[in-house]
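Once you've had a glance at the structure underneath, I'll fire off some questions.
By letter and in written order, the chains are A, B, C, D, E and F; residue numbering begins at 1 in each of them.
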């Protein structure tokens, strides 16, 4: 596998893939992005479930999540030329999902994933190397935890980069999360 | 409208949108990108009909088209930090298409479009300013013309940037276009 | 079959179904509606292909088409209590289409149709009586003909009820039809 | 906003929108319809989630729900010319939902809604005035409560208009609700 | 109804339908298949929810489930000429589901079903005879129970035919079921 | 590749795939099936575009096409245990189509195809061996030709197996093809 990577590098930059829903983008995600950028030439950040917004699990639209990522990485001094952000809709047929990603994105060699399903789907596909991401206090830096804190009127802002917190306030995101929780929604 | 743009600029960079299918990305597209980059701070390039590939009108996958754009703009010395490329699937409900784009993408203020349908949909939506793109010999630099030349074994390579021609050869694109033409396909 | 109709009448009003795309609603449609209202208690007008708009074959949205029908029937003095208008999206599985209609609509006993596919699908389903509609100069009062006249800058307004012509002008419909024709669209 | 309403009125009737799933249509819905009809010229009743039936949350088809509404409003002496009922399928992209409604329906100026998600989506769209509906004993007159009573063999019939109760019995609706509850269903 | 069956038999073999998801195919399913084959000439086994795989409720792909059925019935000495296996995707509109099956499959006269929803949908359609299947220790021979035992590291293999157990081990199915349980998945 | 086939054979029967739409199943298809059965242990016949029926290009439902195949192969004395027929819906994303087939079907090693698109998609996937099918007078034994003859009231019956001709007459298929041609249909 290593030699294939070398061959890929010879042809162009080594590209890593990082898939998430980023509801919202938090400090754990930022930590992971920095970690991966130390290991690849270019990073493809996939904003998954891109077709959803205004649901309990997906309160923010793909466009809003992309804006959060730009805000956070700009503030962290990450050069835009080092990464690209791609909205990718779900296809609801998991056995096709890896090929769906491959079809949507430029070539990539490395996949950074901790989620068991993502890892298994790439393993069964068998064409990419998969690497784990060192977590930053996983229980705390969790999007589910952040949305719960918003609902409970607890402090959530220190779990996300400052510019993401500003952005969420600007779009009145906390009210949106609360209102969605009062409604009987799917997805 | 101008004052609104000023206000937007105060909040962040002025962003322009450029929508196409890029089947394939040719010198006319490159000319347009350079023109727009002279007028906005950042450019959002939307690769439309992203879910299609291997059809007569859409022989190249979204990922392949994104690769063509990167190749062409890298070779042209365009800084990656100045633009982003976004694959966006069609939704087959034109009256929702502008809102679909807005939901998928970061905020933008200006739309660069010549296609009458794209212009009308943004005009009826009424929230963005639309500007025309000066064409570079439209009949010659046309993706339809290029695909036809591929079918007719005529010279097509000088209509696309050199690195795009290389990329198309690398993925055996001309054979693909020819084989698709022999098959009874939809879309 | 007649006795079943009688039985239905005993249970409630006799309801007739009239399916069309109404792109746009013209004098032939108005003639058909009046004819059917002379034979049933209530008329269900189905606006088919409801999910489409801004395409060559479907330039007007479902909402715009419903507005045309209201305008035309109000002006013709048809009591709103005698008919209902229902937008129904296509499902692209013709063998299920009749059951899809049945599921979307209140009970109906009679189907008014001239289009061969609509007649065959209801015949194969075998649960409704189908009756033909006497045409009003079919070649002239045709939506395809009207859209073609709009493209050719010929007189189209006398083929539609006056209030529909007003409505189309109000929404700038002729420009829309022309702009769509210049664009490479599907559906 | 008031002056815009006035302008709208000048052009035609003031139209209000009322969105629900009506699983089933109950006395609280009837109360709301009467309230709204005291404030607008015409009422557009949207039967949402129109594509679903025979599921736990959506036991009744769109057609059955429309029948319930007709039965209830006829019995209540509401003139059919004052309101229209429209089946509208979900689109599973909440950020597009308001524009989807606008595309499916004739023009409307006022939205009657209590559900937080519906209110927020219309607020973010920013083009309609939203008004609250005074509830009639919300905990009792609730479709969820009615379906639960059906499952528990408790009295449900006094929560719906008499003619709706008759209709539900006629289509053997209580057995359907019970059988669906025994089955592992989605949606 | 009997005389219609006789008429059908005169025209060709009596065909029975058996619908399941088979996640995985277990000894209860095998028992049912043998029972039905004693009563019909040919059996159509429908593998439902065919589009899903790698989800908690649907860990195995349609192809894998078909393979399990072939393995189990070959080992049980059932002649392949007596039955056919058909993958059928869900359509998420229950009122159309029976017609969807009819459209996908060769003619059938008898439906074997215990699930209340399946029975009701065929009853409301009114065109097939429905028969119950005698269960083999329903609580034990249950796919839900088997998947739970896999999660709990308990013995599951004696609940499925031996060749199915071998097949599940061959595709590393237990690990897949466990990894899916650790992931936040839908469907 | 040969050695892999050998390995596959060691594990189980050698399986070949044959994909078509079979609108209708004709003598050329029968010829191909017999040819392939001389080379593999088992044949998987995929009825593609399974979701369509009652369109010009797809007049017959998947179920009807499966019935034609059974009729033709029974009459030709082909043992049912040697082949299986699978309805597979299109997914409209060609780059995922091969993986979609793999997910829907039991394992197969060989693909029999003449159509350029099918061959290219399997070649780009790179996991199966592809073999050509010797044609039986391709211009004559063509489903398009047969449907055209039906429209032109010319003799079509000698192009299909006798039992298929009987079946088409039984379902009144020629009238259906003619009526569809008079209607403005898509797909």
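FYI, a residue touches a chain if its C-beta (ideal position, glycine included) is under 8 Å from a C-beta of that chain, and two chains touch if they have at least 3 such contacts.
Computed from a predicted model, the values in this text were never measured in an experiment.
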Shared chain contacts [subunit E and subunit F, defined touch]: A, C
Candidate from B-C, B-F or A-B with the same interface as E-F, over half of contact pairs in common: A-B
Homomeric contact subunit D-subunit E: same or different residue positions, threshold half: different
Label of the chain whose CA centroid is most distant from the centroid of subunit E: B
Chain whose Cα centroid lies at the greatest distance from that of subunit F: D
Comparison of C-E and A-D (more C-beta pairs in contact): A-D
Centre-to-centre distance between subunit D and subunit B (centres being mean Cα positions), rounded to whole Å: 42
Whole-Å gap between the CA centroids of subunit C and subunit D: 25
Between subunit F and subunit C, distance of the C-alpha-averaged centres to the nearest whole Å: 38
Sequence positions of subunit B contacting 2 or more other chains: 53, 61, 93, 95, 102-103, 187
Every chain pair meeting the contact rule: A-B, A-D, A-E, A-F, B-C, B-D, B-F, C-D, C-E, C-F, D-E, E-F
Partner subunit D, residues of subunit C touching it in the complex: 50, 53, 61-63, 66-67, 70, 79-81, 84-89, 102-107
Complex contacts: residues of subunit D adjacent to subunit A: 92-95, 115-121, 187
In the complex with subunit A, residue positions of subunit F that touch it: 91, 93, 95-96, 99-100, 102-103
For the subunit F and subunit C complex, residues of the former touching the latter: 51-55, 61, 175-176, 178-180, 182-183, 185-187
